[in-house]
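Okay, got some structures for you below.
After this come two complexes, each holding subunit A, first together with subunit B and then together with subunit C.
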Partner chain A sequence: MSDQTANLEQVMPEAKTAFGDQRGIGILVPLAILVGWELCGQFGLLPRYIVAPSKIIATWWEMLSSGELIGHVGSSMFRQSLGLLFGASCGTIIGVLAGMFGPIGRFYEPLVSLIYPVPKVAILPLIFAWFGLGDLSKIVVMTISIFFPTYIAAYHGAKSVNKIHLWTAQNVGAGKARLIRQVVIPSALPDIFNGLRIGLALSFVLMVTTELVVSTKGLGYVIARAEENLRFDRMYAAILTIAILGFCADRLLLKIREYFLVGQLMSKDRGHG
Partner chain B sequence: MVDASIPMSAARASFLDVWLARVWRLYPIFVMLAVWEAIAHSGLISPLLLPTIEKVAQEFWQMVVSGDLVFHGSITLQRALIGFASAIVAGIIIGTALARVKIISRILEPVFIFGYPIPKISLYPIFIFIFGFGDMSKIVLVFLECLYPITIQSMYGMRNAERVLVWAAQNAGSSNARLFWRVLVPSAAPAIFAGIRIALPISMIVTIITELIGESRGLGYVVAFASASFEPARAMAAFVAIAAIGFCFDRSLNWLRQKVIYWQADAPSLT
Partner chain C sequence: MSQSARIVPISSGISRPPQTTSEPLLRVESLTKTFDRKGTRVIALDNFNLNVDDGEFVAIVGPSGCGKSTFLHMLGGFESVDGGTMSLNGQKVTRPGPDRGMLFQEYALYPWRTVLGNVMWPLEVQNIPQTERTEIADKFISLVGLTHFKNHYPNELSGGMKQRVALARLLALNPKILLMDEPFGALDAQNRELLQEELERIWDTSRKTVLFVTHDIDEAIYLADRIIVFTARPGRIKADIRIDLARPRAMEIKKSPAYTEYRNHIWDLLREEVLRAREEYAS
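Up next, the complex of A and B:
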């Protein structure tokens, strides 16, 4: 019997073994790498394009305290959040409507299935020609790209509403607006949040990309400029900032999701993390 | 009222009717193309910004004839596919190891869980320094961006195998290897495919992005160069080629999925 359980443990380690001891070893290895990295940096063993962590942190702090970083973060996040806002709200609203109403769904279905797998970012140079090199064209690209995953997620969510819930609501005399607000949206929310999470990750990728291609301000600009001037420490500082922002935004979205979906989340459906 | 009213008579309709119905379903695409054509011909927008469809088609044909399309297309395809394919292999192996070997999961899981939301594209300038301007830096970036979704989905797939099935197999006396191949792999297959499906468009996006930023070959470069030299028709022709590649990738993956995971009829939505 005990042999069997041991065997099972070996075959299928539990997804959620006590997180405490997992964290211990999980941090140990990155820490060791970090220390090794730093030591190599101190002894001058690193190639020029790899900078020791202490130097990165020092540069990062310097950029932060001089207020330079805040300006770049502000202008990056401004574009990123507007692109996400427009793209995700269009995608979600149209997606829910398309899932609710047949004709709307049938109008968007072929367009979305045609354009969804296309890497929309390839149209970036043309968008620059249309809307100029400033903020607008970057926001447009993000809006277009984020529309599709959020649309598909919302459409799928609205489509898979339990029919019995719909009929019940209609039976007790709920109107269309009330039906959407109180039945369709709540039951589509898990899917909508999945779409938002993909859209969020995409918005960060596009934020960096569009700025690497053309920009005069923002974190991608810092990276591109630092690369030209061979200021690798500044480059890593900008990358570190992007990583922190991306990570925090994702965690924030997961917290919001948890708040809204309380009771709808199964233990294994908690997203990737 | 939620359900689309699919004409039930289609089942008995003739071959021609079925095809007509299929074409009719695509009407929004024709509407969009007509709107584009109308605007382009009306002269409201300069042809330097919005070329007519004939012009794009003509340019496309010229690229086919001159061999440019094949040349740049094959380079783009090669980069995307090498990065993507190696990410599939590595992702499934790492994901499986994360799910089944405790020590690896403790060491590597934080790297994948915490690194997931970070845009790896910001590392591209560093990759250029490490791997040079050529194919290698692009392939590595594609690999890295695709690795994360595939690894994480494989990990969850391998972990979420139904216990009852595992018990049943063990009860029937199957060995660990047999259990792995006959129970765990099939039950993880849908999740693995979901990861691959997330990674597929990413591979194309990253390839194109890297070609937009710094390259002298590849379809992304053609788009960037043509629009910088005010040849929008050529840029759009290249975009159409990129779109076609992306579309065909997606369709072939769907087809493959239905062949491999034949027991699950419908692809789940994203994620």
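Up next, the complex of A and C:
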């Protein structure tokens, strides 16, 4: 985050003019694929495991109106939101503290280097052994996984606070608590939001992954059952639901980011919103 | 040189004894600062002495890297002291405090706070009640002419406006001494001149003690009552010059013969040091 940020279109205007200035030009290719896909479905040219969009929507609507989908979404989102909440708050709080205080940083940094590269899914069987096959083990895996990207983002955010900003705070006589609350956290916030965005995506990935392994309810469970019953339409409907949820959650996060970073985003990038 | 010495009678001394017998506001005694740069010891300040009286506007000029900013940062309490003492109003300076307000070249505004929020911040830290806070902040924002921008964020403002906000915040802090570290160094020539005029006008009404570090001789003469010329590293006082130009000062003063005398004199002094500094870097 610096004053020097610019996007490609500003640096290379020809990149913009090459596609004209029309909005929505980017949607043309996906739309063409969708139409082609649907037509192939109508003429029976698709294999069994590829379902036409209209059929997916029909199944999706049926699952939604019967209330079946809501139950699975609720079950999945319950675990996902708790995992995100615990993981992101631990990661962010410890990250800020580690970035501010040398000893905490020196304790956590090598630990993070050691554990971060290990895929948390690899320890899933262990976690199941310790915490059982229910919600708890899934929430634990998500918490651990989400801790890392949020920790790293918050750590760097807190570490790269402008020296002059800290001096100004000391100059007016601000105490440690106020320094953290009113200077370190606001200036680390752009980085913290980057971490949260990665954490959010990760929470959806893990939500489905853990449910695919073992579950009795949830969107991952729907996919796993649909595979066993060769109900590919239900599979696509579940994937579609995950995509919609993920999209909405990401947009919501960007809106929250815009609200909190109002002064810092001015005349700079406005996210991808 | 002899001519300037006639016009500027107290200028020739290496370190001038305090003019008044009363205790100066700021007393700096045998201050020393060393850096460790890639294994070699660099002496930034060597046995530096300075007294500043209450209500004086003192400018510090010197070749770049002479330790003038370092001195200001030490006085602010941001950099460690390797030897000697500094005392403000008889109290030893050991750490940052609101009695010594800093103005940095980089504005140092919080981008997440509006103009009003930035100016109110020192008052917030000092637990001044909300209504009084807004009142004081409004007063200083209008003093620097930014009332229409008080709900804007710093990123919406130009460099000159940002530095005005920082000045308003500094005045709201109400310190005993104002420490300004090349505050207008990042501004373009026109804005710099506007800000100088504004600072002169504001200072004339408040007469607060100011230590103003700059590399711009014109700025120093226009603003200051007294100019300290630093030697090249290690920083010592080469000359201590009183500027006897009537206040309030208009920009036209820069055209007066007395001004030109001061300018030539200080430039000669500074030039020797700049050349010495260059030799040192070259070797």
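Worth a mention:
As a working rule, the second predicted complex is superposed on the first by the 241 of 273 C-alpha atoms of A that agree within 3 Å, B and C clash if a C-alpha of one lies under 4 Å from a C-alpha of the other, contacts with A are read in each partner's own complex, and residues count from 1 in each chain.
Keep in mind that, in the parts below, a contact is a pair of C-beta atoms (placed from the backbone, for glycine too) under 8 Å apart; a residue touches a chain by one contact, two chains touch by 3 or more.
Keep in mind it's a predicted model, so treat the numbers as computed, not measured.
For the composite obtained by overlaying on subunit A, subunit B and subunit C can both be accommodated side by side without a clash. Legend: residue contacts after superposition of the two complexes on their common chain; A:P186 is shown touching subunit C, with no touch to subunit B. On the chain A superposition, the C-alpha centres give an angle at subunit A of 90° between subunit B and subunit C, rounded to a multiple of 10. Of the two partner chains placed by the overlay, only subunit C lies in contact with A:R178; subunit B stays clear of it. By the document's definition of touching, neither partner reaches A:S137: not subunit B, not subunit C. When the two complexes are superposed, the chain touching more residues of subunit A, out of subunit B and subunit C, is B. Of the two partner chains, neither subunit B nor subunit C is touched by A:S215. When the two structures are aligned on the shared chain, A:T168 is found in touch with subunit C, with no touch to subunit B. Contacts of A:V262 after superposition: subunit C is touched, whereas subunit B is not reached. When the two structures are aligned on the shared chain, A:S75 is found in touch with neither subunit B nor subunit C. In the superposed model, A:I239 makes contact with subunit B only, not with subunit C.
Touch criterion not met for A:T59: it reaches neither subunit B nor subunit C. Across the superposed structures, the minimum distance from subunit B to subunit C, using CA atoms, reads 8 Å. Shared contact residues of subunit A with subunit B and subunit C: 268.
Across the interface of their complex, subunit C is touched by residues 162, 164-165, 167-168, 170-174, 178, 182-183, 186-187, 189, 261-264, 266-268 of subunit A. Every residue of subunit C that touches subunit A in the complex is listed here, in rising order: 76-78, 95-98, 100-102, 104, 106, 108, 110-114, 121-122, 125-126, 153-156, 173.
Of all the residues in subunit B, the ones that touch subunit A in their complex are 1-5, 25-29, 32, 48-49, 99-103, 105-111, 113-114, 116-119, 121-126, 128-130, 152, 156, 159-161, 163, 166-167, 170, 176, 179, 198, 200-201, 204-205, 207-209, 212-213, 219-220, 223-224, 226-228, 230, 232, 235-236, 238-239, 242-243, 246-247, 249-251, 269-271.
By the touch rule above, subunit A contacts subunit B in their complex via residues 4, 7-8, 10-13, 15, 17, 22, 25-27, 29-30, 49-50, 99-102, 105-111, 114-119, 121-126, 128-130, 149, 152-153, 156, 159, 161, 163, 166, 191, 194-195, 197-198, 200-201, 204-205, 207-209, 212-213, 219-220, 223-224, 226-227, 232, 235-236, 238-239, 242-243, 246-247, 249-251, 268, 272-273.
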